[in-house]
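Labels run A, B and C following the written order; every chain starts at residue 1.
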Amino acid sequence: MLGECLENVRKNVPLVHNITNYVTVNDVANVLLASGGSPIMSDEPEDVEDITSICGGLNINIGTLNQQTIKGMFTAGRKAAELGHPILLDPVGAGASKLRTETAVKLMDEIKFTVIRGNISEIKTLALGSGTTKGVDADVADAVSDETLDSAVRFVKEFAKKADTIVAITGAIDLVSDGDKCYVIRNGRPEMGRITGTGCQLSGLTTAFVVANPDNKLEAVAAAVCTMGLAGEIGWSRMQEGDGNSTYRNRIIDAIFNMDGETLNKGAKYEIR
Amino acid sequence: MLGECLENVRKNVPLVHNITNYVTVNDVANVLLASGGSPIMSDEPEDVEDITSICGGLNINIGTLNQQTIKGMFTAGRKAAELGHPILLDPVGAGASKLRTETAVKLMDEIKFTVIRGNISEIKTLALGSGTTKGVDADVADAVSDETLDSAVRFVKEFAKKADTIVAITGAIDLVSDGDKCYVIRNGRPEMGRITGTGCQLSGLTTAFVVANPDNKLEAVAAAVCTMGLAGEIGWSRMQEGDGNSTYRNRIIDAIFNMDGETLNKGAKYEIR
Amino acid sequence: MLGECLENVRKNVPLVHNITNYVTVNDVANVLLASGGSPIMSDEPEDVEDITSICGGLNINIGTLNQQTIKGMFTAGRKAAELGHPILLDPVGAGASKLRTETAVKLMDEIKFTVIRGNISEIKTLALGSGTTKGVDADVADAVSDETLDSAVRFVKEFAKKADTIVAITGAIDLVSDGDKCYVIRNGRPEMGRITGTGCQLSGLTTAFVVANPDNKLEAVAAAVCTMGLAGEIGWSRMQEGDGNSTYRNRIIDAIFNMDGETLNKGAKYEIR
């Protein structure tokens, strides 16, 4: 059950090394702490091998990549792979610039990722070498909806199989697949898109879930996605008149802080295809 | 009317490229989302041309400049200018260090800015090559008050005309001029100075407003300044016993999230000189 | 009395130069503003001398160090020392990587620090050249508790004397010593460890307290530590059902914003050994 995956994070306190963007990094750290995990940030190439060695997993997010941090990503990724740590790639803005697309593709070539998490546009870029990324949000035309669900499920399964990794595509409907099974998840609120970094937060969270559930990785990713979405629902239910996206950000992280396995089991809305 | 400028942001969802400091960048992103805009951050010289090309405007803030991001500012600025995008300069700390002053001055020399927004000390540095910046806050002796208003209005008009740009000087009284007209704005609360980055947030917001109101740029800047100040007033009115500057930060962004054109029209306090 | 140290921060509005990590930098800025101080951030080697010259003190935090910011730390540190400014070192993650340990040790060799603040593991690394840092949190086996208090007090006094600096070790029980006296402080809440950056915030705050109390530095450091811990207690008392670590973060900073000297005097829990 998904709830057990969350409980395992709280029990095991996974230490996660994050090379992530400076826009949402504080929220990533607080979400990791809310879930029961523990964050470390380090992107300097000379520092990352030591840091990743004391961690249980690595979260690579290219949201504000630069030439130095790109070196750090490759160095940390190779070391984490050597140590058998779970590694997640969040290809923020792949498709929006040549550097982002190339960096994400090269990272995939050189490093065996455990999970790749992005919006449909970013994942399409990685899968097809195309896609029309509008900044860091999924292009609306490419959104996963009930109308496009069948083809989207086919797509994510194929890409996961081809890339030999777990792929999580998040949006109005979230898809999580290892190439064989596909979780179709309907938690979350549209207003989460009005907060910066809910995707980045989910990537940090997902890394912690996978580290804490080594024998159950696909379910762990699905549990992390449901946790974030359910927290968005719980957080929204606590909004009061006059509250907006800044307070909503706090309430989502608070909801993760307070969530237990039973709540997740009851609130998770998914089917497996 | 100013309210229409805000409604246009919500309708047009302007995508804004921000090269901004890592201190307040998260709030800048959330303020842009609160207003109905959409933020992207990228400062790597090899990345910025592609990113700025898919955006509608560029916000350059030198708050934590370094040699690499300075290169990014020039590269992005030239590209945005070539594409005819609105470009804003926030010369954080101009006057406080040689590097900041020189960078701001060189940026003005090479790039045609649509708007320059800063406190009186920073703007004086750019205008006169002098000023006594105390960190990133306006020197009190140079504050715009009722006593100094006439000369300050004269100053901002002259500088706007000379620099051929819209200039926004923000403080207890805000001035927005294109060299011809000058908005004298009295929204806001003194407690906003106890939050880091309300100026940086306003710069992001102003860029979005100008992108969404291409035929009405002066009014758009004034509308952004009134929106931020009015949000400061609304946010303060929601403060409860025991709340302080951290909660106030959230309430201001929340107030922008919830503001509509009518509220802005009713709450904006300004005269045109 | 400790309360006077806080009142002096509010009166003197110390300007603090921070070279700190990008994870918690926004909270460091808002905590400084909450206390009555004023923050500036700058890490570019060409910028830091000018910036530190207009400030009253320097806060060096190696949490996300890189080769460029390390240069900035040394350059700023030498300049601040030359000007006689108080300088604080927060050796985040010393012991967790070679680069962090070496950087912290070299900084101590070259720059005379007024205060060094870290967890027991980091301080032990600096003192003994050993320790088992688990990321940025103190190793549990090395925690300062009632059982280990005598030896810990001995240790902090010896290290402070040897390093000729004030040393603050923070954890469940906080120790502040100049080598002669040792404050044993029992403010705070264990839940503060579930927020990222309460240590970083305390380092910024401590720098402001020392700048504002030049003739009373040991007491100033103890006052800053008590302020942070007491704010954690007050913030926790304001938590409502459903609140979590993100809201708690805001409430702690809010509590500092609202704290006066009398509240600190009444709430501070310490003995001097």
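In the analysis below, a contact is a pair of C-beta atoms (placed from the backbone, for glycine too) under 8 Å apart; a residue touches a chain by one contact, two chains touch by 3 or more.
The shown structure was predicted, so the numbers you read here are calculated from the model rather than taken from an experiment.
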{"item": "Chain-level touch network, classified as line, ring, star, complete or other", "value": "complete"}
{"item": "Equivalent-chain rotation between subunit C and subunit A, CA atoms, steps of 5 degrees", "value": "120"}
{"item": "Gap in Å, rounded to a whole number, between the CA centres of subunit B and subunit A", "value": "33"}
{"item": "Subunit A, residues touching no fewer than two other chains", "value": "22, 26, 249-250"}
{"item": "Touching residues (chain side subunit A, partner subunit B) in the complex", "value": "21-24, 26-27, 63-67, 93, 96-100, 133-137, 194-197, 242-247, 249-250"}
{"item": "Residues of subunit A touching subunit C in the complex", "value": "15, 22, 25-26, 29-30, 33-34, 38-44, 46-47, 50-51, 54-55, 68, 234, 238, 249-258"}
